[in-house]
Amino acid sequence: MDYFIELFCSGLSRGAIYALIALGYTMVYGIIGLINFAHGEIYMIGAFTSFIVATVLSILGFPLLAIVALSGVAAAVWASAYGYTIEKIAYKPLRHAPRLSPLISAIGMSIFLQNYVLLAQTSDFLPFPELIPDFEFMEPIAHIVGSSDIVIFITTAVVMAVLTYVIKFTRIGKAMRATAQDRTMAMLVGINVNNIISATFIIGSALAAIGGLLIASHIGQINFYIGFLAGIKAFTAAVLGGIGSIPGAVLGSFILGLTESFATGYVSSDYEDVFAFSLLVLILLFKPSGLLGKAETQKV
Amino acid sequence: MSNPILQVSGLTMDFGGIRALNKLDLDVHAGEIVALIGPNGAGKTTFFNCVTGIYTPTAGDVLMTRPGDKKPISLKGLKPNYVTQKGLARTFQNIRLFSKMTVLENVMIGRHCRTKAFILGAVLRNASTRREEQQIAEMSYSLLEKVKLADLANELAENLSYGAQRRLEIARALATEPHLLLLDEPAAGMNPQETQALIELIREISSDGQAILLIEHDMKLVMALSDRIYVMDYGKKIAEGNPEQIRTNPEVIKAYLGEDVDA
Amino acid sequence: MFSLKTLRTGVLISLWFVFLTFPLMVIKVDPLERIIQWRWKNALLVGIGTFLIYLVVQYLNYRKEHQPPAKVEDTKDQVSFIHKFIADPIQRKLLFGGLLVIAAIFPFVVSTYQTNIMITALMYVVLGLGLNIVVGMAGLLDLGFVAFYAVGAYSYALLNHHFGLGFWEVLPIGGGLAAIAGILLGFPVLRLRGDYLAIVTLGFGEIIRLVLENWSEFSKGPSGISNISRPGFLGMELSLEGSILYMYYIMIAFMIFTIFVVNRLQDSRLGRAWIALREDEIACQAMGIDKQKTKLAAFSLGAFWAGLMGVIFAAKTTFINPASFTFLESAIILSIVVLGGMGSIVGVIIGALVLILLPEYLRALSEYRMLAFGAILVAMMIFRPQGMIATVRRTYRFQKK
């Protein structure tokens, strides 16, 4: 039973991380209908930035709390800056191009960013500083739930709450929803669509960066290639939930996290990634609109 | 009297909560030119999409009786390519040409469903494939002559003027040898001279016995060509008759001009 | 041409990029030794580099805007020099004959090492032409192309290892198995929208690779399969040099065969249907084209070609393992097609030669190879989506009535 709970908890924290990344896919897709292939790399860059900042600060002797706060902020700021810039360079000029063009551009961007980090830093796995200490009060249940699982869980919950508030109640959130529904209409009622698209990329990137920071300190190492797999898995989660739907992305992420956790725990860990890919292929085949997405007929 | 070529009954189409078509009935007989008119958003294009298999209608039936057949066949739920193969071809309101292909090739695409060569034929280029290719090219070219685009045969379709693109769409649809030709606003965006030329073109096509169902806003064209007219509004049929009857129908005038104008 | 305002914008953009790349380009930490390295020079390089790229882009935009717009009659002049050159049958025969002679004597002029590189380049030409059918003509973004390549390679490796089958026997089997895999995958996935298709094929490619890595009883796992036989010549075993030479001529023949087939397909009934499908799926179906069947033909034909090349790859290297079949391999082939020109045979050939030979000969650049491939994909989409050598459609002549 303990093993089951352990798998369940690790599945939930996995799911929480996927959710942070999946939201970026789903929000961007909702607004411009593009699968932002480079989103996994944004997450990787977030993790790298937090790694660099945290290590520098720890060498300089900062206290742990300051390291956590500053590296988190740095990761979010730079990841957002990358997200913003990528949209301006690689997607904006292609807004009226044939559908495959921005997708190819996104794939190119993803390859470029991976190799950029590889060349600017290293191809080795780097040990990520332990930002989340083992809490004392967790000791009695530490063999089932790790402290970092709890931190991941709470952070994700807070982030989701803030995001929900932003999207539901703020001006920018309303403008985003309007743009997602009908871009031309949104433009006609005076919404600056370019700004809204940029804002979407910025918010999605910041979320991914937080996810990057959390998972890196949870797993304890990073390299330039972590974005590829995480990206595909988060995308799987987004599609599972119904791409374009924000609650769908969260739901899909938890389902994927739990599935993976139980499958590797009870079946085999060799095929960990095969599960995710197979799930992706199966959903797209049998329910491409996902659990909470709506099927649309293309207007002719 | 023989069965109509196209017999649509009770056709209904819902999009989420919107009922775009509401129990529509419509017939087209051999050799006829029938017009479908109505204000923007009335559901005319949706009607075409349901008949040609691009949308699957929520309810109702679409029957087709090909010349020589005794019994009608149902087109409802068939994929668009099968509908075309059975003998229905259409043009699109917002032009959908293959823009990176030449004008001639666009028409040659229309011959696809009447020809056979596949991978082996293409690679081996045997005698029957060569003959088939020759026939495809020649028939396509003669259709281009018919729509007065022969001089531009080797241009890319995207380089044509608006009016020429609309005529190319007609030629492309004719290349599939349809029993019934569906035209969705063929005169949209044309100047008066082009519209006049189009009227003559449609007359010429019709004079070969081709049945035509057309959607159009240009009343001059509709009145000049149509044997019968259907009028729809909010997804419903509100009137049906010959041009003279429609011209004087108070319902129609109300639908077009709004409630507060005395008819 | 460059106003003060554009220059100022350029400076601001450069500063933005200096900021953007600051943590990754300037700071390098060693967490074990606890050393921080500040590479300020990189910040300067990024700033200057960005500014120069900005100026080039501005200049290109300026030229584009100040060129008179092309008129319909001018489109013939935009056709690339190569296509104009080979439009004339005599010139075409001369060119092809010349190239054939060069290709025939090439291995006797250069070293074995260089012949070997050329074989690799020719393999990418053929792979590019194969993917060109799928992506360039039919518009199906297949990111799992390498999976079919792997099917071919493992077919030969395993059949050779377990049953001692030879190269020429397995060549059609490898291609056939890959084509069957293509049909099996294609049946369900070709219904999907373009972008989903890309992701599913990517996922499929990764599944194949992961299975090869983990199913050791079948594939020997990550350590791979070695001692695969080279192709024998009329039953004779060849020396290493001899077999490289032989491999080279096989590849030349193969490339000619591929060009012949693709060229015939491109102006056939099927080829037109592919291009129409790429241009507008709905109109295409409305013209009576069976979408599923047409896509499946392209997809499985591309897979067939990848399978054939997989067999050749296994025979050439005599050793394969799953690391040769990563997504990056698919990305390289895609870059070849995109750089050369989607749908363009001449373009893909030149694209493959440039992208594969350039990094081989400019060793200093080879480190930046993948970086450049990524940048090429982005830049081509933005500045020249038709590729280096745009495809030209066949023209027909008729007697006026």
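In order of appearance the chains are A, B and C, and numbering begins at 1 in each one.
The rule we apply is simple: contacts are C-beta pairs under 8 Å (C-beta built on N, C-alpha and C of every residue); 3 or more make two chains touch, one makes a residue touch a chain.
Model, not experiment: these values are computed from the prediction.
The chains touching chain A as well as chain B are C. Of the two interfaces, B-C and A-C, the higher number of touching C-beta pairs belongs to A-C.
Averaging Cα coordinates per chain and for the whole protein, the chain whose average falls nearest the overall one is C.
With centres taken as mean Cα positions, chain B sits 48 Å from chain A.
Separating the CA-averaged centres of chain B and chain C is a span of 41 Å. The distance from the centre of chain A to the centre of chain C, with each centre set as the mean of the Cα atoms, comes to 30 Å. Of all residues in chain C, those that touch two or more other chains are 282. Annotation for chain A: residues 300 touch two or more other chains. Touching two or more other chains at once are residues 54, 92 of chain B. For chain A in complex with chain B, the touching residues are 297, 300. Per the touch definition, chain B reaches chain C in the complex via residues 52, 54, 79-81, 84-85, 89-90, 92, 96-102, 104-105, 108-115, 117-119, 121-123, 125, 129, 132-133, 136-138, 141-142, 145, 150, 153-156, 159, 172-173, 176. Touching chain A in their complex are the following residues of chain B: 15, 45, 49, 54-55, 92. Per the touch definition, chain A reaches chain C in the complex via residues 34-35, 45, 48-49, 51-53, 55-56, 59, 74, 78, 81-82, 85, 89-90, 93-94, 97-105, 107-117, 119-121, 126-127, 129, 228, 232, 235, 239, 270-271, 273-274, 277-278, 280-281, 284-285, 288, 298, 300.
Taken in their complex, chain C has these residues touching chain B: 72, 75, 261, 264-265, 268-273, 275-276, 279-280, 282-291, 297, 301, 393-396, 398, 400-401.
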